[in-house]
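A quick write-up on the structure given underneath.
Chain naming follows the written order as A, B, C, D, E and F, and within any one chain the residues start at number 1.
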Amino acid sequence: MLKNIPWQEKPHDSNDVLWRYSSNPIINRNAIPQSNSIFNSAVVPFKDGYAGVFRCDNKAVQMNIFAGFSKDGIHWDLAHDPIEFLPGNTEMIDSDYKYDPRVVFIEDRYWITWCNGYHGPTIGIGYTFDFKEFFQCENAFLPFNRNGVLFPEKINGKYAMLSRPSDNGHTAFGDIYISYSPDMKYWGEHRLVMKVVPFEHSAWQSTKIGAGPIPILTDEGWLLFYHGVINTCNGFRYSVGAALLEREAPEKVKFRSQPYLLAPTSPYEMMGDVPNVVFPCAALCSLEEDRLALYYGAADTTTALAFGKPSEIIEFLKNNSL
Amino acid sequence: MLKNIPWQEKPHDSNDVLWRYSSNPIINRNAIPQSNSIFNSAVVPFKDGYAGVFRCDNKAVQMNIFAGFSKDGIHWDLAHDPIEFLPGNTEMIDSDYKYDPRVVFIEDRYWITWCNGYHGPTIGIGYTFDFKEFFQCENAFLPFNRNGVLFPEKINGKYAMLSRPSDNGHTAFGDIYISYSPDMKYWGEHRLVMKVVPFEHSAWQSTKIGAGPIPILTDEGWLLFYHGVINTCNGFRYSVGAALLEREAPEKVKFRSQPYLLAPTSPYEMMGDVPNVVFPCAALCSLEEDRLALYYGAADTTTALAFGKPSEIIEFLKNNSL
Amino acid sequence: MLKNIPWQEKPHDSNDVLWRYSSNPIINRNAIPQSNSIFNSAVVPFKDGYAGVFRCDNKAVQMNIFAGFSKDGIHWDLAHDPIEFLPGNTEMIDSDYKYDPRVVFIEDRYWITWCNGYHGPTIGIGYTFDFKEFFQCENAFLPFNRNGVLFPEKINGKYAMLSRPSDNGHTAFGDIYISYSPDMKYWGEHRLVMKVVPFEHSAWQSTKIGAGPIPILTDEGWLLFYHGVINTCNGFRYSVGAALLEREAPEKVKFRSQPYLLAPTSPYEMMGDVPNVVFPCAALCSLEEDRLALYYGAADTTTALAFGKPSEIIEFLKNNSL
Amino acid sequence: MLKNIPWQEKPHDSNDVLWRYSSNPIINRNAIPQSNSIFNSAVVPFKDGYAGVFRCDNKAVQMNIFAGFSKDGIHWDLAHDPIEFLPGNTEMIDSDYKYDPRVVFIEDRYWITWCNGYHGPTIGIGYTFDFKEFFQCENAFLPFNRNGVLFPEKINGKYAMLSRPSDNGHTAFGDIYISYSPDMKYWGEHRLVMKVVPFEHSAWQSTKIGAGPIPILTDEGWLLFYHGVINTCNGFRYSVGAALLEREAPEKVKFRSQPYLLAPTSPYEMMGDVPNVVFPCAALCSLEEDRLALYYGAADTTTALAFGKPSEIIEFLKNNSL
Amino acid sequence: MLKNIPWQEKPHDSNDVLWRYSSNPIINRNAIPQSNSIFNSAVVPFKDGYAGVFRCDNKAVQMNIFAGFSKDGIHWDLAHDPIEFLPGNTEMIDSDYKYDPRVVFIEDRYWITWCNGYHGPTIGIGYTFDFKEFFQCENAFLPFNRNGVLFPEKINGKYAMLSRPSDNGHTAFGDIYISYSPDMKYWGEHRLVMKVVPFEHSAWQSTKIGAGPIPILTDEGWLLFYHGVINTCNGFRYSVGAALLEREAPEKVKFRSQPYLLAPTSPYEMMGDVPNVVFPCAALCSLEEDRLALYYGAADTTTALAFGKPSEIIEFLKNNSL
Amino acid sequence: MLKNIPWQEKPHDSNDVLWRYSSNPIINRNAIPQSNSIFNSAVVPFKDGYAGVFRCDNKAVQMNIFAGFSKDGIHWDLAHDPIEFLPGNTEMIDSDYKYDPRVVFIEDRYWITWCNGYHGPTIGIGYTFDFKEFFQCENAFLPFNRNGVLFPEKINGKYAMLSRPSDNGHTAFGDIYISYSPDMKYWGEHRLVMKVVPFEHSAWQSTKIGAGPIPILTDEGWLLFYHGVINTCNGFRYSVGAALLEREAPEKVKFRSQPYLLAPTSPYEMMGDVPNVVFPCAALCSLEEDRLALYYGAADTTTALAFGKPSEIIEFLKNNSL
């Protein structure tokens, strides 16, 4: 049972279900030597603290993923060199780039998924037992794909992964699908989970959507945070929404937020390498304490933290569903 | 005769003909519950103070228009629910969205125009006598159109409206036309008023232009503020210009500003949901006191205020005309 | 009662409801001196034969409309100079170009509509009593619009016109709307009539649609032929469909063809200035004799003719409706 | 051992390794009632003759696949209704459209793959034992994908499929990948096989490429015919190339044609619904007799046939390889 | 004095100033082994007959230029291998591709210009004395440029070249410029000669224009044939126009054709690798006999010939000038 | 020998080879009356101080260049009117606009190059002896070109200029070429110097690159600062890199930075008329003192200053080269 996750009470003047950490961003763009930016990163409880896998673009603006450790989930000690993978269930571990990792513990190990450059973006899979030695597996899918997110347990005996089929550029479309695998090597049973929404119903999620943190199992089903994008005349704006998926058949959506839960309104979210982006990739959740800490990339530049109460969020979803 | 409009003297170090209110923005993005942004809004004198119609996008980023009241034109009390319209001269009051309202008193009532979603953006028309009960009329035009702006009195016995034919996306072109109607229901006699300007002559208005506040009748003709757009490599930048149109034949332009009068240079104009936008939708003007208060949307996020002296502005137009 | 219209029986091996004239095209691209192409043209019964208004692009590829006369509707005598208009209900008869005319007799005169170049394409209106003297009226709409088609009688006391709002280029979208006018000068009460159809249901009409000939009043309502466009990887392909609209409320569609009735399959339709275009602009119809002659432009190059039986077409629509 | 396949000797004036059947096309666009076009289709030896699965777009331009039978491989008897599938290894047999089928016999049944519309194009899989009853399986991949082509036998114990990841429109890119499956349900081990070629080296295959018929096992490895596309200023032009892949590791290309083997030069290939397309989907091959019959779609309109000698083709590949 | 050039009298039913050779095309796409197409080529009088440089794309669709000889200018004997160049005024004779050659005799040798692939298209220059040995010089310009055409004599003591600055794709713009050189190595004094024409004035030349054959010196100045392009919804259509430039200052245009002189209307011009293209690259002219033979590429596939009388053409230009 | 250039020591917490001036920006957007922005400007030592040529866009957003003087290189006195040029080596001194100047002393005078509007952007050339009287020469190249940068001395007896061929819009490509001239009038011997870099190797310079300040001669060759651009989903981001070119053959690159040396991370670089731009146009360098002052435009709005040690920069290039 996860406890003592990072936490700050809701400000008195807020009526939002997600609120920002007052000392955001928690990781700055230059937190390690030669980094251009550190964002869209994933954390998990590990031993008596936390471990994580961090997207760090260096000053050649090459994208890679780095390990990190923290006692409190807020102050992080990041490796200065990217993760080097050993062969896992394959010898083919080519990678032109790696970005936007997610991490989850299933059964006996920590699984990592990321956007992997193999003749275009697709979903890379790896695992570690200790965040020291890492093993890379077969890519889950053909290119082009992004935002591959595993469920934290098998569903009907199979691994399950959300993803967002893409193209090879700044994809201007994108829906969330689910796929299943008996063995983390071969994938199939692909189903649509959620589509973008017509502009007039919920414009912030009308251009593309993609799964964020590992889904959280609640009494109401899987709580999924996701990003949604609106295409303004001056570019994409990324916000955060949430949905509840059926436990046994996550391709069925029970509730889905019509309003966003978090959108770029702070200077560090509106100004940076890519302005107007909040992009969630990880969450720590203590249902017992009714606390959730959401990690998100800000403006493709820094890593920030928001908080919320799972019970409030679920209630909000029920009352504000599409 | 309008008096005591919002006012602040020109700063000593300014040589501009429009200057910002020192406490801008006057309405913040979260001024009402569930608002994502409040901007591109219209105000008129009403009773002993002011009334207005405000564009407020909610947190689903649905666009709608809301009534508001103010004693001083600066501090506003906005409704928390969008305007609901009753049938006016039609039963067909469908609307997928409403945005960018303008308001004007003609004869016996307050007319409102806005960008109305009817299978794409077109010009919606409505009226109210009291800002409590609102009536919706036939759309003025076929889609696709935006920035419909009525003249405050009939011209040659007919209602007159400026508008900007568009397409169904982030229109990359746009000129200002005028149309006439005997009855606010059927429109015709469409004439071009002003086109965009070649890049090398006045780049800020080289991509598209659109009418702003209700034109102001002066001794020199109709004073029209309008927005102009330049297409930079990082998106559209919206600035404010002005023109003087002939009183009896407003399709004839007497003077038109080569330089802009206001451009995005303040942080709240350069940073927000759509960076680098100043978008004027309303003006209060006391020719007697030689004062003008211009309301404009900032960065598609907040509502701001600028001031100027009509005599100076007209003189500026004469000296800086295309 | 119209009789003796151009006619040829259906070939024995055909099971289509429209079939081609065996001597197509009836007007070649070089039928008059200096013509590049003659197509998308309109004919009406006139005196003891037929008159028409023809789109003829000259060898500068300037688009204009020309008068023509015929005894039999097949062999045409075309003017060598374009129509010159006198002022009708307006002095503003500017026109950068004219194309795709339609002609209809209403009450006391022949009304002509066309795509009129006034700072972009919009709907021009004119009339003639004798096809010798022509008068031009106010444009019906603001730019950008194409395919303005009048109904042959007033509906609920008002003139009615179909049109297709467009943009200022090779518009990649387009639906059919209806507008009403008390006086052929001011237009309003705009309503959507028909939209494009999702690709998987009827791909030939999935990109844009536009009204063709003047609607024909039948016992089943207005019989409307229209063109539909599919966007292939090698450009647009234009086919012909049909619909039945309610007599008193033509914005209501009773039946609409899921299959096309005619598509480009003949060499003169597949090869020319714009390959793969059949574009209907006029029809002669004798309900008494159950005969219909449809005039259409082929490959934006020549004018061709197809035949059908109205009763068969209506039956087809009922059995093959979307 | 396949014998007596359709055949015609090479014309005396030809020095090409593929030559056309003199009575092309073998199936016309209107070969069955209500068909708009019949092309991009697949045939296999069946009983004492041939069976096939044919792409037929109807006159609503809906894409579907139809069964057909032939004694000689040239004259075909096509079903008038599309194939209806029963559930195979899944209950989820949704399909918005089906096109570009391939057919291959493996082990005990005929497997069919096609481009299947499931929220965009992906690879559908089905099977039949008798071309009367058909069963549909799980889609192989997430959208967007096209040109899924199975190998005729398992490779290293697994089913193998070539495919071309795409986007959801007229994809302007495309390379050939291979994927493996233990069970025709879950797929993985995705590898790049061949990429497009830089314009200056072989322009006809510089925009996109895709596998054509089922690969043919020869002493030199797998003989794969594929289509290549050049993007001209007037659209895509599709030609036919060939390659030899390693038997045990087909992702390794031994030889690949720098010149095309067949390109659109006949009127029925240059004129039609999509001009300038030759698109191979099936081949009959008798290595013993050194004869090959290649079925290809012409101009997305009709089905045509070309012939070649496998020995000559392989020699050509060795001498003209990239 | 050039005599006995290819010639055929104007057909009786023609009123055009250019008419086609009745046996067009004179060179077919497969005139040499391994050719995909032969078009956009240049000829000059040579010894007692003619020599030429021909664009021939091979079946890998690699573009290169080939020498050829003819007795009568109609029947050509083409080399089977592309021209190999020796270093001329430079050692840098890199070339990714060569296409659209022009040839002219100046002073003591035959100069060849072509579109040369050096990190994109630019203007290559070479020369020969005998069409056996060829020498390549410095490229005239930086990329991106096409249609470099030399004047046949020095102007004010300097070599002069027309060209059309482009981009690196299917350039959708293009005007004709002139540049001067003292030495065929360094170029400067760049001046605009002719721009595209607004759509409504002469649509066939509204998208881009480019010089064609070597300008012909007449009493009225330089007679220049050029191609003009209109952008239809189904691609580019290339036609032929002409202009008269001032002898001493060719950047000054005396007359320029508003109508085209030749446009694609024959099947071999409307159907081929790029439909709807006539593209002139060379002319033989006998002013004494008042005969002109114009060589042009047809549909980017074959080489064709048209004839005209210089006196008629010049008269036409005077009477039909923009 | 240049001494006493602007200077500030590296901050203690920095490990970068370029660091910002602590009082940036040194010239604000409104430094002269009617200026919209002042940026992308060039300075040189002049007499006992410095002179410069500044890009100043006025409030009509017309781009022009202005002279300026400074004692210390930091505080500048700018002319209020743009430079007016007299004819230099040509009478043709048309210019629709001028921007992004560079300045260099060669032999006896100060040469200025800039982006000059002559039917599109090309490279303008001028000179001055005193920054009071200016002379304009022939444009170096045909349109479209930008970022023309002269070497400070002749190379092999010829003037040498770097440039970046472009298109006529927001060019999405761009490599650096070198051209030579015997006389500053005619240019040739064009060679590629550096291309953009594949995304995965150095994304910040993967879209386009262009030369910055006048190259600096060092013992290791020419030290060239340049800008590189990445195309994010929200627009272009401009960073600064550096390279060392061979002294006698500058088209040969000895070293080139894989990481950038400076990227937009300060508010005045991330917010402005074009967010996320640092654009270097000039440098003052004292190799003796090992000091370099780099002038750059920030966000296309203001002028800023960075410092570095040439020895460190060269060492960095050697250790971090592509």
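Simple rule for what comes next: a contact is a pair of C-beta atoms (placed from the backbone, for glycine too) under 8 Å apart; a residue touches a chain by one contact, two chains touch by 3 or more.
In UniProt terms, the chains line up like this: A, B, C, D, E, F = Glycoside hydrolase family 130 protein.
This is a predicted model, so every value here is computed, not measured.
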Hop across touching chains from chain A and tell me the fewest hops that reach chain E.
2
Rotation angle (°) superposing Cα atoms of chain C on chain D, nearest 5
120
Could you compare the number of C-beta pairs in contact for E-F with that for B-F and name the larger?
E-F
Inter-chain centre distance, chain A versus chain B - centres from mean C-alpha coordinates, in Å:
41
Among the residues of chain A, pick out those that touch two or more other chains and give their numbers.
234-235, 271, 275-276
Draw the chains as points, connect those that touch, then say whether the picture is a line, ring, star, complete or other.
other
One finds touching chains in the pairs A-B, A-D, A-F, B-C, B-F, C-D, C-E, D-E, E-F
List of chain D residues in touch with chain C within their complex:
29, 33-34, 36, 57-63, 96-97, 117, 170, 234-236, 271-276, 300
Complex interface listing, chain E residues touching chain C:
15, 199-204, 230-235, 237, 258-260, 263, 265, 267, 270-271, 275-276
Residues of chain F that touch chain E when the two form their complex:
90, 92, 118-120, 122, 138-145, 163, 165, 167-168, 173, 175, 177, 179-183, 185-192, 195
